[in-house]
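These are the structures in question, set out in turn.
Common to both upcoming complexes is chain A, partnered first by chain B, then by chain C.
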Partner chain A sequence: MKKKIITSKKKKAMASLLKKKTRDCLEEKVRQQTDELKIRDGQLKRGADREKLGADREKIAQEQIHIRTKAMESASDGIFIIDAKKPDFPIIYANPAFYGLTGYSKKEVIGQNYFLLYGPNADMHVLDEIKQIISQGRSFYGELLKFRKNGEKFWSLLRIAPVRDTKGNVTHYVGIKTDTTLMKQRNLEIEEQREELLHVTRVGKLAEFVSSLAHEISQPLTAILSYAQAGQRMLKDREPRLREILQYIINDDQRAAEVIRRLRSLLKKNKPAFEPLDINALTNDTVTLIMPHITAKNKIIKLELGSGLPMIQGDRIQLQQVLLNLISNSLEAMEDSKDSHELLIRTSLRDADTVMVQVKDSGCGIPQENMKKLFAHFFTSKPDGLGMGLSISRSIVEAHGGHLEAENNPDRGATFYFTIPVNRDNKL
Partner chain B sequence: MNTKNAIIYVVDDDASICKSLSLLLNSNGFRVETFTCAEEFLAFKYPKLQSCLVLDIRMPNINGFALQGLMAQRGIITPIIFITGYGDISMSVQAMKAGAIDFLPKPFTEKKLLNAITLALSKSKVLNQKQTEIARIRQRINTLSPRELEVFQFVAQGMMNKNIASKRGTSLQTIKIHRGRVMQKMQAKTVTELIHLAQKAGITSSID
Partner chain C sequence: MSVNVFIIDDDESVCRALKALLMTYDFEVRTFNSAQNFFDTVAHDDPGCLLLDIHMPGLDGWEVQKRVLASGSDRPVIFISAEKKDDATDRALKAGAVGFLQKPVNGQTLVDLINGIKD
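And now, the complex of A and B:
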């Protein structure tokens, strides 16, 4: 159920992305044309001291105004102009996109005080802030929650800039507003997915940690219990006081064991939810989730996704967790070296029954002495690491019937790769 | 339980576990040998006694399950009691399927351990007897000539004398003589008994 919603949301997000692209295209065109015009304008001005002015110039000016007006009319962002000389800031121009965005008609907008358009539900603090900024002749830039005429909420990215006359006095304000609702929604979805994954990872880490801890503690508890019971056996009927003390030791040992047992059953791993998966889609989704980190760290991620790969059977969240873990490890490995930027993720068919995912970095590589311990519990080469990531990843991959391995690249960096058996029921 | 003729092996990479179990089982009258890794255990010269192995699952290099496999390969018939700090159900199922006597999550009480050991030793006794018997049959088989062994195998497959004769291209009389000697050397009074012996020794492989 939840999944269906996500895919339909995804479709919506795609559509909005497409819309945004065409919008960007249009904007780019308008910008180019405006630039051309500026250049031509400049050329003309230079030629203006000659006598070739007159009607020609007039005509060109007309044409310019026409194109600029047309461009504003065609823009998909809402554009409006406010008269700054009048005390009630009336709107003297708005383009069709503005009407579409706000839901108000031309009649309702033109001559209207701009701030009244926000409706009774608007956040007065924000409005006051905007008023203050523009009354000082400064620009405003911000994202606000707004209401259409019908009361519908939408997120608007608003930019208001003063327009000055030749003397520098503010005569007008020009505003541009963009509907960012869909973009915000998409970001929110990505954020939610990332949160979900992080939660699963945290719970997984905790469970694995408790399990390891339980093992470490149950070892001495076993020894203590056996020593105490051996002692009792040796005393037979002698030293009743001592025998009693040994019994206390035994009882408390078992109490400790019970605590551990309960703790362990509390954190029992959820059964993985296996479903047919497209490894390329999974890879793409995972990369989307971590993209902000990659760009923030100034790295590039390259995808080489094999075509026509068969479906696999697996738990989406768990496999994403593995991939995410490998990618963030690689990013960390490349952190220190300034000249390594590229991270390569490759999906391929290893043989007829196995799909392989490789994560190849150009970082510092793995020291030979760490190779063996790499997947062990609590082994870490990071100062703040827990040493759980790779060991959990390996147990996830193995639960899927695959293998997770690592090797150093011949040139530089390391490659981590895992295999997953092909889902035989759903071969393409 | 007769503890004199029995030996208990403990394999656990934790030296404290080895020592404490050794003391506990000693105090119950058992002879105990402990090993902190599978390799050490495999290198041990096993005395011909009832025995059982108390085996930890998680160990570096060769883990408990791997040792179980190696023992099966090498014909070491000591029954196994698994002990582990990671007690999950799937693991215990795996262990029991592979023929373990019991699966004890750590820490376990003396009582639980002794119950499992009693069970394991009685199984060991049966297994030892069976092994001795097989060894005895094998010894008799070793006294057969190649031709007699061949006839023995045919008879074990349930072939009639004349069929064996035609297959071998020899006379019925010759086969009868061979067969008589096989019965005598194998100390079998009837053909049924002979077939039983063949089955016990695993002699059913056909020649063609």
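And now, the complex of A and C:
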């Protein structure tokens, strides 16, 4: 019975500590100490030495303060405390990470107005906004461009929260700042890669489009030229004015043909740059690029990457383009379905000479009547589709000596898969 | 005796126009909209040269030429195609063809090529 009471008190002690977030060790220690204290408290109620209890309490309180201080000093985020009762926001504490982050020394920081540390280049509007928010007893959360003491820029994720006394009055503000510069840079790099890939895809689509168009137009131009030349020969020496007109038709036909020839050479596909590639690394890179899109659509992507796969020989950008196309098709297939979320990408060795990549979705699947036309130019089942994605993907895969195929899954959705021959020179 | 020319192109208008043109040069011209159609109608030892489009549904130009060779025929073949890849002429000659012309084909060039075969 007694044990139970202690447990419930213990929980209360824990709950209040949990607010201080993830300090498991600390909690454990405090809990033990609290238990100890309570047991002794019970013993002392019978008139034992109350002075000793006071000393013990003092000691435990000291230890708690010590641990918390140590924890703050060890944190890798910059932590600082501002006195809220003074009008000029003086900093009364900052941890070592804060000094490291800002480049200021302890002397320069303690007692200093927090906002002055932002330097002369700071955005005053933002600072006023922060001041206003915290003065109202609310928390601030935001990412700002800041300057170190030496003028160096860095991105800081800043959180400032009010600290209240027992009456609810704001006595201090506690702030945490995290350097997000590297993270930002990485995101920027990913964004650039994605742009590059999109550009290549757009150019590829355009080239394929122009090529198909050029072929379609060349046919009638061929016929027109031959008809006109035949007409000229039939007239022989008769009807000089009609012969002249036929000559104009011939000239303009050849002019049109020249335009098409130039257009075609302008968009001539760059020769693929073949290099040894690790298909798993390529898959990972591609997924990283499209991850924000997947998250935004509330879908999950699962990777089953075969281990020890041999290197393949291929064009990195082109193969990424294929994979990206298959992934975005799958996402679209799952768009309208509320209960299908999962997309699976699997890499494996199909046989000793062939690596296979499968993209499996749980979407609407492919209607039987579309199966045959799936890879044809200009075939699309999407209202705003061009019908180029899969046909280009297939020609890329075939240029690599592989195959791109599709099939419906036995349960639901479809699987697209492509094979690429193993690079024999680098075979394991 | 006039020279026979066979044309295979899936575009009917192209066939008709080339035929009209070549007839003014006194060739004997027959046109086919598919390779199958040609193989079904013309015996492999029927004399005459073949104008062959490359991009066609079903058997494409390259495959047709292979089949012509495989049948033991010595029929001269001229490829005509809208698309001209850099190595197309080389590839055509290596495959045993007489030449490669890009569409639209200039009449005189084509006729010169056909007449060159006879020598």
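The rule is short, and it goes like this: the second predicted complex is superposed on the first by the 350 of 428 C-alpha atoms of A that agree within 3 Å, B and C clash if a C-alpha of one lies under 4 Å from a C-alpha of the other, contacts with A are read in each partner's own complex, and residues count from 1 in each chain.
One rule holds for everything that comes next: contacts are C-beta pairs under 8 Å (C-beta built on N, C-alpha and C of every residue); 3 or more make two chains touch, one makes a residue touch a chain.
Note that the coordinates shown come from a computational prediction; the quantities given were computed from them, not determined experimentally.
Visitor: If chain A is used to align the two complexes, do chain B and chain C fit next to each other or clash?
Guide: clash
Visitor: Could you tell me if A:V174 is touching chain B, chain C, both of them or neither one (first, second, both, neither)?
Guide: neither
Visitor: Check whether A:S211 is in contact with chain B, with chain C, with both or with neither, and answer first, second, both or neither.
Guide: Once the two structures are laid over each other on A, A:S211 reaches both partners.
Visitor: Taking the superposition as given, does A:A223 touch the first partner, chain B, the second, chain C, both, or neither?
Guide: both
Visitor: Mind working out whether A:L263 is in touch with chain B, chain C, both or neither, as first, second, both or neither?
Guide: Touch status of A:L263: no partner.
Visitor: Touching A:R233 in the superposition: chain B (first), chain C (second), both, neither?
Guide: both
Visitor: Please work out whether A:I67 is in contact with chain B alone, chain C alone, both, or neither, and reply first, second, both or neither.
Guide: A:I67 contacts neither chain B nor chain C.
Visitor: Enumerate the residues of chain A that count as touching chain B in its complex and touching chain C in the other.
Guide: Overlap of chain B and chain C footprints on chain A: residues 211, 214-215, 218-227, 229-230, 233-234, 253-254, 257, 261.
Visitor: List the residues on chain B that touch chain A in their complex, please.
Guide: These residues of chain B touch chain A: 14, 16-17, 19-21, 23-24, 26-28, 58, 83, 85-86, 105-110.
Visitor: Which residues of chain C touch chain A in their complex?
Guide: 11, 13-14, 16-18, 20-21, 23-25, 55, 80, 82-84, 102-107
Visitor: Can you list the chain A residues touching chain C in their complex?
Guide: For this pair, the touching residues of chain A are 211, 214-215, 218-227, 229-230, 233-234, 253-254, 257, 261, 264.
Visitor: Taking the touch rule as given, give the residues of chain A at its contact with chain B in the complex, in rising order.
Guide: That would be residues 211, 214-216, 218-227, 229-230, 233-234, 250, 253-254, 257, 261 of chain A.
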